[in-house]
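Data block below; observations after.
Each chain gets a letter, A, B, C and D, in the order it is written, and its residues are counted from 1.
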């Protein structure tokens, strides 16, 4: 509850102040938010499978809409990611001089509030409301501060995702109407909904398309590369770092339990789609020349793996998916920030125009290297553990699928190293741009990311333990056991 | 004892952190000394552990913490020091230490000095993790780690574009192997429910035969990538782009033998799976022959050595394939000595030649580079298999095991390879150190012997190359085969009969005679007759094929790279833009088109409106009546 | 039908009136048939309303005539699509 | 009843006030009069439903609809302070006519007898014809007026035919009687009564502009003065939908499944058609016309399922819709007070820079109309979906598709405000300070926010 309110108040506050002060206000708010989050975490009982810190206020009882919030392990990981990421994102905007910076920051804060709302909601309708609410600020962020051709692209992005969410709404209402007794949108009631046969399949597909568009899973991904490219750096970070996780969270928390009676054969289709997406996006990423596009496609590929892993619905896959969501969030923010730093300095994102940047930016090269390696899933970095668990899950699900999705470790190396090499290595290009010294905010942002990359890589159980009991609970719930 | 493991592993890591973060602020010598000391500490720990084990102590296990736990997967971050890993540790830290010392001199003029040492330390750490990990996942952890360090070090001189490509190629080819290994680990996990060595090996006997075969093949795929075997060997010659100490440490002595270690480590599994062993044998054999023939036509001093390494690795795999695991390890050891020596020697030559690597522009260096010359000669003799230097014993043993373990064909091919090895090594030696100097005047004036930090390791390695062979004297000379006795307790060697004395003597005599002929012939051909290699374009027939390395790179280019690039463009430009996005856009456009046509209905004319209204009414009436 | 085919505003107005008269007739007929006065009262209402409507209609037509010098309604198609 | 009388008297007073040059105080007077009427309304309803000889019944729900209409009118009246300055001479008439329309509204939504329905519709329509044409020298206004008139008259014909047929079958105009007689009437004269019902339905469909009887609506909305457009889009629509709902609720036992099918088709066609065509519009008022047509489609969907929740769902929808629409038109009036200039979407270009407050309100209103949470439009739409989903899943799917389409055109306006660059000629500052306009938009914004936070406060 507090987590939702802080950003909104801060968003209003930030509007009052001028540029520099607004930045300070926004940063303070996000740090405060993170601290609150840590306080919650410290009081969080990882051994308790129930949803904790629950609270509920009536909002629109006629519609079954209650302001119900609560945190379980899965949500806790997502909240951590959101609030860490928001600090990073605001910090990363420190050196940007956008026109209307205050508005920009308050949009980011609104976004943070909405995202926290999504992860905190234990009421289906509230989940939907925050889900949509998160869409509006990002629409403005991309639309106002975006690059070339932004209008068309944001339009497409918005309508596409909105269409998906409407399907989700449909599914939510449908489940609501099947809840036992007095209909309710409370999660704990909705999971008891009695839906069978083809209806269940319909619900499943409606949820799936909604989440698949958000994540995005092949073939619902076509909005993504353009949007990521055109958005301002912080917008891209929000989109890829956190918003995408809404889809993953939704799949785990909402889709799966709601459509539990649907035929498992549907998941085969989903997994095949996800795996096709892994390879498809990876292959495309190999040939892209815009650094942001490469990262965007890599994101599709990585998310495909997460989706495939999750939808095996075994514990390793779920845990791996949650862990990797966290990791991917951190890494992709780092990568996009790297792209932004390069763009700030040499005014282009075209890889063919870069080269030899490592020479005058050693510290940068080093930080970039670690983030890149995290994305390639090299040991010592966070990506490794996540991919290990996910690949293990897909492999156990089906050998061929496991092998095909395993190709990602090769392709990922191919395109990420290509980016690194083209940008950082080789002789210097004569375009007057050099990395030079990084500013303190740039150092701090990348530094935090690098520390996280390594820390989670060495101690993945830090994250895994948080969600462990909740995942167990979810699995036992799916096996027909009552909520413990 | 566990503390020594921790000390051995984490001192290099500490060295990495210190030299990486603070190296910029410290003088080069201090950085070098810190890094080298950290490896020395590891070496000392290794000796202590070795002592412990060779005195009959038990394997030491060190549990750090639970690394990953999710569902059924629970992986401990723990280390196991048994005889095999300690043996590898000794090689890694020993040779590693010498190469660190050498690098202080070699890299002295480089601005990335501290970075270089940081990477080297990181490599030592990863390599130790690889050999000390107590389960396959930790091993894989180190496995990937050394691949990453290798990438970093090959691309060390990043301003050169080619070097960058070489680094990438190495990493990606390794990754292909890694995928096999990873899947192998998954199968292991599926079969045994754990990846812990001890549990797996004790349960191996009861496991399904077919599954074990599959596991072995998958593990070997990993080994192919890391140890540069056909078809994934092309990265190793390219990896010579890295600084020479790196080539010596990573691409000759240690990392590339990780594949051997992996197979040897899994000897329990391999020994019972015939198919996998056969594959290992065949791949090793083919690689040994192919790489050796390519080496004959190479003109880059380091590339000759690189192909030689590939070839020697093939040798080791043959040994593994016939089930002589400790023999393979023996060759790993001797190879580490003489190949590190040769690389460091070539580094010294390159150092003297101001970066020139082409042997066509060398010659007559023996006068200026006395220590280098002598040590290099010893290395050459060792690799060629001149008794009683190190290479003779290990190669001899492999030949014998192959003969008794498999048959005459393998033996003949290996012997042939051995001959070719001698030919290209002496070609290299003579062209470099004998004859007249063929470089520029400037280079000639600049020729000088390397500093002591470089020559001392050379001398030490030369000594090791000379005496290394006595670790495993063949039955002809002694009944005390040290390597076999030490490692036999952890490796499950296949039962191969001891070679007869006649065989031993025959091999000894034939090899000595053959070597003498080869030395004389090559000297005559290259020095007396001044047959200096010519450029590739002028060559014909077989020579041309050899110079082009059997066109491996070209084939990969057309068969794999080009199609993927094409596919990438196709997927992006057509599939994505036109097809998938097309569908999305059409559904969007459909709306606008509908809108466009539907709005024509709104003609603006009242009469028409009225008519439309009436039509509406009639339609509804019809629906009303019909339905 | 007149409403549908005529283009002259005045005639159109008349046709609308005719329609209303037809309804009036219907009401009266029903009213008589049912012996119920309500129908006939309704007719009065309709007549009043029709008168008001015609008044407004004519006013509008006059207004248009002032601007276009014509009562042809088919000319009025500026607002469309 | 007192409300009706008060409205009527105020109307006459305004007419005279216009003539005697009291224009300056007319808006104030009208506001006070309307507020008083509102007060009477609640005062009366406090004593329970009022029944006027079975002709008009003021129950909770008609009270509520009247209240919506009056509140909307108050807002529009405040707007008129500036909004009508260009048609000064007829200002009093317009205010007066507005009162008369309200009288019609009162009759329509509280009718309990077909006669009152007919009279209500006519009282509502005839002043509207005049109001639409109030901009005498503007040909567009004339054209709109004529079109509205002709088609309205034609629709009246249908209404009367329908009433006549129902009368013929049941011998009565009284709704209660019709309902109680329906069983016997359906047996003896099935065709007559069903066709009668259909004709009445068509007349309603015309009034609320449901496809395919919507043709007049875009032209009229575009042609008439902005203020009148706002009035029509809110008050008239509320009245039409309210009356239609009452009609359906009362006569639901008589309505066959075929009839519901037709309603469903109409609803689907309305949503799809209006949204699709709206996408292609460049004129903002015309776009809003199509938008309001599409909203009718959603409400029709709610009317398909009649139960105890229907009135409150529709009521809530209408409140939100009216507030948002008034907000939008008020903004339009502030931005483009000069009606002669065309209202293409480009007038919004760069509004986010020129006047952030206006842009904000416009955005909130548009988002509310498009049904994006957490704006109240979402709750309204959502309750309709929820109502319909169990019986008419296909219709809800269509509604969802058309909602997605509707995003397209609502966001075109938002895009224009925030993302489009301002061209030189359009960059003129909003010189004239229209405080009344700002008051209106602020009120509607507050209304929308309150509805978003406490959507439960409206319950019948």
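Operating definition for what follows: a residue touches a chain if its C-beta (ideal position, glycine included) is under 8 Å from a C-beta of that chain, and two chains touch if they have at least 3 such contacts.
In this text the structure is predicted, and so the values were computed from the model without any measurement.
When every pair of chains is scored by its C-beta contact pairs, the maximum goes to A-B.
Distance between subunit B and subunit C, defined via averaged C-alpha coordinates, is recorded as 97 Å. Separating the CA-averaged centres of subunit B and subunit D is a span of 78 Å. In whole angstrom, the spacing between the mean C-alpha positions of subunit A and subunit D is 43. Separating the CA-averaged centres of subunit A and subunit B is a span of 37 Å.
In subunit B, the residues that reach two or more other chains under the touch definition are 599, 602, 604, 606, 610. Shown for subunit D are the residues that touch two or more other chains, namely 146-147, 150, 154, 218-219, 280, 408. Shared interface positions of subunit A, defined as residues touching 2 or more other chains, are 159. Every pair of chains in contact is given here: A-B, A-D, B-C, B-D, C-D. Within the complex, the subunit A residues that touch subunit B are 156, 159-160, 219, 221-223, 280, 283-284, 286-288, 314-316, 319-320, 323, 356, 358-359, 362, 369, 373, 378-380, 384-385, 388-389, 391-392, 395-396, 402-403, 406-407, 409-410, 413-414, 417-418, 421, 424-428, 459-461, 464-465, 468.
Every residue of subunit B that touches subunit A in the complex is listed here, in rising order: 65-73, 115, 126, 137, 140-142, 144-145, 147-148, 151-152, 155, 158-161, 163-165, 167-168, 171-172, 175-176, 178-179, 182-183, 186, 189-190, 564-565, 567-569, 571-572, 575-576, 580-581, 584, 588. Touching subunit C in their complex are the following residues of subunit B: 599-600, 602-607, 610-611, 614.
Across the complex, subunit D meets subunit B through its residues 146-147, 150-151, 154-155, 158, 194-195, 198-199, 202, 206, 212-213, 215-216, 218-219, 258-259, 261-262, 265, 273, 276-281, 405, 408.
Residues of subunit D that touch subunit C in their complex: 115, 118-119, 122, 126, 129-130, 133, 136-137, 139-140, 142-147, 149-150, 153-154, 156-157, 160-161, 163-164, 167-168, 171-173, 218-219, 222-223, 280.
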